[in-house]
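Note that the chains are named A, B, C and D in the order they appear, and that numbering of residues resets to 1 at the start of each chain.
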Amino acid sequence: MAKKQLNVGLIGYGFMGRTHSNAYRNVNAFFDPEYQPVLKTVCGLVEGEAKAFADNWGYESHCTDWRQVIDDKNIDMVDICVPNNVHSEIALAAAAAGKAILCEKPLALNVAQAEEMAKAVEDAGVANMVSFNYRRVPAVTLAKRLIEEGRLGKIFHYRGQFLQDWTISSNVPQGGMATWRLDVKAAGSGVIGDLLAHSIDTAMWHNGPITKVNALTETFIKERMHAETGKVEPVGIDDACTFFCRFGNGSLGNFESTRYARGHKALFTFEINGENASIAWDLHDLHRLSWFDHNDEGKLRGWRSIHVSDHGGEQPYMENWWVPGLQIGYAESFVHQIADFLEGMAKGELAAPTFRDAVETQKVCDAVLESGKTGQWVDVG
Amino acid sequence: MAKKQLNVGLIGYGFMGRTHSNAYRNVNAFFDPEYQPVLKTVCGLVEGEAKAFADNWGYESHCTDWRQVIDDKNIDMVDICVPNNVHSEIALAAAAAGKAILCEKPLALNVAQAEEMAKAVEDAGVANMVSFNYRRVPAVTLAKRLIEEGRLGKIFHYRGQFLQDWTISSNVPQGGMATWRLDVKAAGSGVIGDLLAHSIDTAMWHNGPITKVNALTETFIKERMHAETGKVEPVGIDDACTFFCRFGNGSLGNFESTRYARGHKALFTFEINGENASIAWDLHDLHRLSWFDHNDEGKLRGWRSIHVSDHGGEQPYMENWWVPGLQIGYAESFVHQIADFLEGMAKGELAAPTFRDAVETQKVCDAVLESGKTGQWVDVG
Amino acid sequence: MAKKQLNVGLIGYGFMGRTHSNAYRNVNAFFDPEYQPVLKTVCGLVEGEAKAFADNWGYESHCTDWRQVIDDKNIDMVDICVPNNVHSEIALAAAAAGKAILCEKPLALNVAQAEEMAKAVEDAGVANMVSFNYRRVPAVTLAKRLIEEGRLGKIFHYRGQFLQDWTISSNVPQGGMATWRLDVKAAGSGVIGDLLAHSIDTAMWHNGPITKVNALTETFIKERMHAETGKVEPVGIDDACTFFCRFGNGSLGNFESTRYARGHKALFTFEINGENASIAWDLHDLHRLSWFDHNDEGKLRGWRSIHVSDHGGEQPYMENWWVPGLQIGYAESFVHQIADFLEGMAKGELAAPTFRDAVETQKVCDAVLESGKTGQWVDVG
Amino acid sequence: MAKKQLNVGLIGYGFMGRTHSNAYRNVNAFFDPEYQPVLKTVCGLVEGEAKAFADNWGYESHCTDWRQVIDDKNIDMVDICVPNNVHSEIALAAAAAGKAILCEKPLALNVAQAEEMAKAVEDAGVANMVSFNYRRVPAVTLAKRLIEEGRLGKIFHYRGQFLQDWTISSNVPQGGMATWRLDVKAAGSGVIGDLLAHSIDTAMWHNGPITKVNALTETFIKERMHAETGKVEPVGIDDACTFFCRFGNGSLGNFESTRYARGHKALFTFEINGENASIAWDLHDLHRLSWFDHNDEGKLRGWRSIHVSDHGGEQPYMENWWVPGLQIGYAESFVHQIADFLEGMAKGELAAPTFRDAVETQKVCDAVLESGKTGQWVDVG
């Protein structure tokens, strides 16, 4: 059956621009959505770089003004891969123009922005999604299924970490295209929006709403040079954040993120302890899921390391790839994301997380940020 | 050279009574302190059990009133292995009687008791130590040495966990000899005194003083039957506790303990992230230490799993055991503890942690307990 | 700079046809060879399946007679992904037609065929390569570099395994398109050509020539139904094979492969023990390399688990992918293979392993097969 | 109930003398056999060292002539911990004197000696055992139980390794008290008798008789200085040995041992692949057992790491030690060995492996040695 073409306009050609482009190019070779994304145009600040990006990934054209993308009647879908402080403006315009929207996380700088964006896409009735791609690592999706099947029983604990070490040197600058994540004006926050947003999205997907939080934040290096101006300026972001919380289901949460954990590059982890079973996972071995089942026979109980590479249809997404034992990597999570987004469009049921879902994550992020400042428990929402 | 005999009176014949007895019996076969402990007497509540224990471990006598041990002029050293609420009274009496004292952890029910006990042993000038045995797991001691050698550089993060799962069933009673740890009257607290006390002791030994804490505590099962009376009563202990904190050296701490972490029996862990290196360890594989050194050549950087079983004198305690590759277990940490205690007595320099050291741990425990109740940051001490 | 187009004709649309097609489609997005593969045509036995494959992967056309591909003047390169017994005929024809050739492994059914094929491509002067893709898993390439840098010193031992479990059931048929690997007529051998060929290629690349072998082979299930005819027939392949060997450098080899190792799906492993260092790797966690360096300080020696995901140019291939800590998977090894093949064509230096290199691997395979039959040591080549 | 005293005479005060002494001292504190070993005398070559050993471990006396031990009517049991070439003479004399005998492995230098020794103890009707202590590591015993329960189904593969690295330096001497294991006159063989004997004993216990073997042996360092004479002499032992074999039950074996595997100190491993399940274990983490059960639900299948530290009576030996999660070490395997030996004596049913059992292991060792020399398959026995 012939596919429906979906013309994509990508805004932002950084790291996420690459992961998304790769996904568009490959999704239809592995999955079978009704839609076929067409790489129509890419937009970015520096003309030469935008062109090189377009050439490399096969975009038909490029531009440097995102409004051109919005105004282009041929574009069906806008993909927002720019720094956080520009998400809102672009998304509102795209919604107004009736485009489907995929937006990088965190959705916004704060709840107010996020709410406005959610309302805009709902009012416009356009397809929308936020790129919390880790939900679609097969092991993470499998964890979700196990929880939904009720295998854990009552849940007591949920733990999450996102540990990196790339800003330990005081020579790392802030601002600019490569290090905007350290610039509070562009990023809004530090590890909270960049990393904990993933932890929070996954945790609430797995374990339901977080109701109150209590956080500790720290900025270890107080001043950094700006990448573009060369001026040494105060650092406004949080370098590290730990928070504990209560979930609506009575379980306790413990979360931590930092960019000062020497030896960990992108150690996103979670562990869930239930009455009957426990689950653990980490991004450094994303193709495995750890599983402990108290219902196993006593003398044989132990943590299982499940190599999530089966192809019998029992493990999410995996039967579309290779053969058992052969692992996929990081990039495939974005392929799954696009596949589900397209399938959702075809069905008329938006794939989660929508902008509305991301508002809930933003609420927790804001509460964490506030608690870090006040030193007090903060109710979410 | 003939050893000096040191007559030991053990009070309490439970789990810790066993680990200590095993250590006394074996210390001189593996280490060479000037003193030779002699298992003189064991004291416990039930006469028949005390006798059986004495027979099993080779104690010369037994009794049921601990005051008899104190009054016995032949006893040089009192070892306190009873529930927490009796530590203080026995220790004060033993100090007054001029006995050397080894006391199980936590030292006391609260800081006031602990201070009084520390003052008593100092005034009496008796040898004293608190049984935070995990310091003397060779891998944990090796971690201490690496920190002292300055290999980590500035420390950013210290994490500790102590996870168990033995009280998930509501059928587990509280009180009595087997489950006094669930009875707030006997234990003073739940996981804070029982498990986090270990985490805190190790953390402050490794990383210096904790200055302020913020805690979340929870009691998942609100009522349990009393093991002796059969009456269903409110549970007064904390089933789970998470806290974050600041250390005096500027690093952040994140600690968690629970008895509701399905799949973990005694998962005591720590991880330390420094500017130049990181260390991790856990009790389920206590013979290994994880080490990441950023000074390693770039393409070869990775976490090392050090099998702490060398015998070249470079790894603490290990040259006294077997040959490289052959691991020791849990019990040996107590052998090391007694070896160091005896060596300290011989040298006239008390081996840490003394009662005074344990007062500092108690201060943190009290602060955590208070913060858990108030929901506020609490300054330590 | 505009790329030179390289028109590819793929013969065979099975599992390997998919991995190669994916590589062609993506190589230029991540690497920068002078050539740009163009998916011109795919050829396979069943017309409808060939067409579906072409549609899915973007081939411009399809056919069912491989001679059409050879005869097509527009085709620059032929990619042979059919069962082993057809490699030779196609390769000879493709060489005669002056096509560049990529051939799946094992190159041939036996040394005589392999020699003829190698001579043919050399006489024709066409680019040629055999798809021993695992050489280009970054961790495996890194191992090669470490050996070449002399870090291991004298090598004593090389071990290799390739363990699977997919044929344990006697209901698995032989022959046909899905299970031709169990049909001795199509495959030539069982685990020797399918799996040990990989082990041998990697081993000789790492450790130099194998000079003599001694093998044990077994066929556990003696009869299987033919997938197409339904007739129960004797099984002619080896289900399992163990062999030990001597390498030219004085080291000893120990290799094993089986399809009856319950719990292992594609556990390809190697371990190399040298005087100064050791290396280990396995395919189930292909993004990691284990490294033990005896030159490390005594108390800190341990096996390192290197997460091969750096992007500083120190770890092969990885700077072309994502950011540190984000792993790639199985499919990327084929992308690297094509990238190197294309770069070799551009430079006029063939990337290894060429057909000639694969002759050496075939010699070992043949010797192993013979030794398995005779029970005697067999000299290689 | 009062214990029956069993007077032990230990011959040999080396490494094994220490492990056995530790076991005698502690067995009755943890297990409850009818017998109580009494450390009566220790015999060794150097008077001062024998005396120091006696003092350290609590032997009542010491001597330097093993015949004195045999002639001592008060001695009930002789424990032979001397180099392999002296086992036979002592054991024959001890049997003739009616002593119970525990003999270190390998039982003898060859099958003829072993047969004579087995006949002697049987004719004398004395209790006898060979110290293949690893059978009694709880995880290894648990593996045996799982096999006996039929959980693996038909077994296809058995693999064993024993890898060390302590003789890589050519400066390590041969002969003398510390390095007699490198002297062929004292040891009889190299890794075959020292290390593979363990692998073979465990394998046949788990998997039944080995019927034929094919081996590769190597001596990497051809000459070493003698530790006592200082003369450089040819090395007569095997430094490394790989063999494959057939078991009586149709499964295939692959075994390897070496003292040149850099990074491995005492890496004794086994893996068993059955139709329905697989088991793996290694000595560097002896408290864990790896278990894969194909009967687990598809999407949740994975290797379990069982922390063999339970105390519910389900895991062998463990309920006699501490509490769940707390591991034992190497030394405890000897405690279990003595406990079972004593229990066997009390019951009148000898605990395995008896001298007779060890004859079977010796047959395999001899066959491996012969095959290593001839390069031919050798039938066992």
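Heads up, the rule we're going with is that contacts are C-beta pairs under 8 Å (C-beta built on N, C-alpha and C of every residue); 3 or more make two chains touch, one makes a residue touch a chain.
For clarity, every value in this text was computed on a predicted model and none was experimentally measured.
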Required minimum of steps from chain B to chain D, each step between chains that touch: 1
Between A-C and B-C, the pair with more C-beta contacts: A-C
Chain of greatest Cα-centre distance to chain C: B
Whole-Å separation of chain centres (CA-atom averages), chain C against chain D: 42
Separation of mean Cα positions, chain C and chain B [Å, integer]: 54
For chain A paired with chain C, centre-to-centre distance based on mean C-alpha positions, whole Å: 36
Numbers and ranges of chain B residues touching at least 2 other chains: 264, 301, 303, 307
Partner chain B, residues of chain A touching it in the complex: 156-157, 159, 163, 165, 168, 214, 216, 218, 220, 240, 242-244, 246, 250, 252, 254, 256, 258, 260-264, 273-278, 292, 294, 301, 303, 375-377
Touching residues on chain A, where the partner in the complex is chain D: 142, 146, 288-289, 291, 293, 296, 298-307, 310, 312, 314-315
Parts of chain A lying in touch with chain C, wherever the complex brings them together: 15, 18-19, 21-22, 25-26, 28-29, 56-58, 164, 166, 264-267, 283-288, 307, 309, 321-332
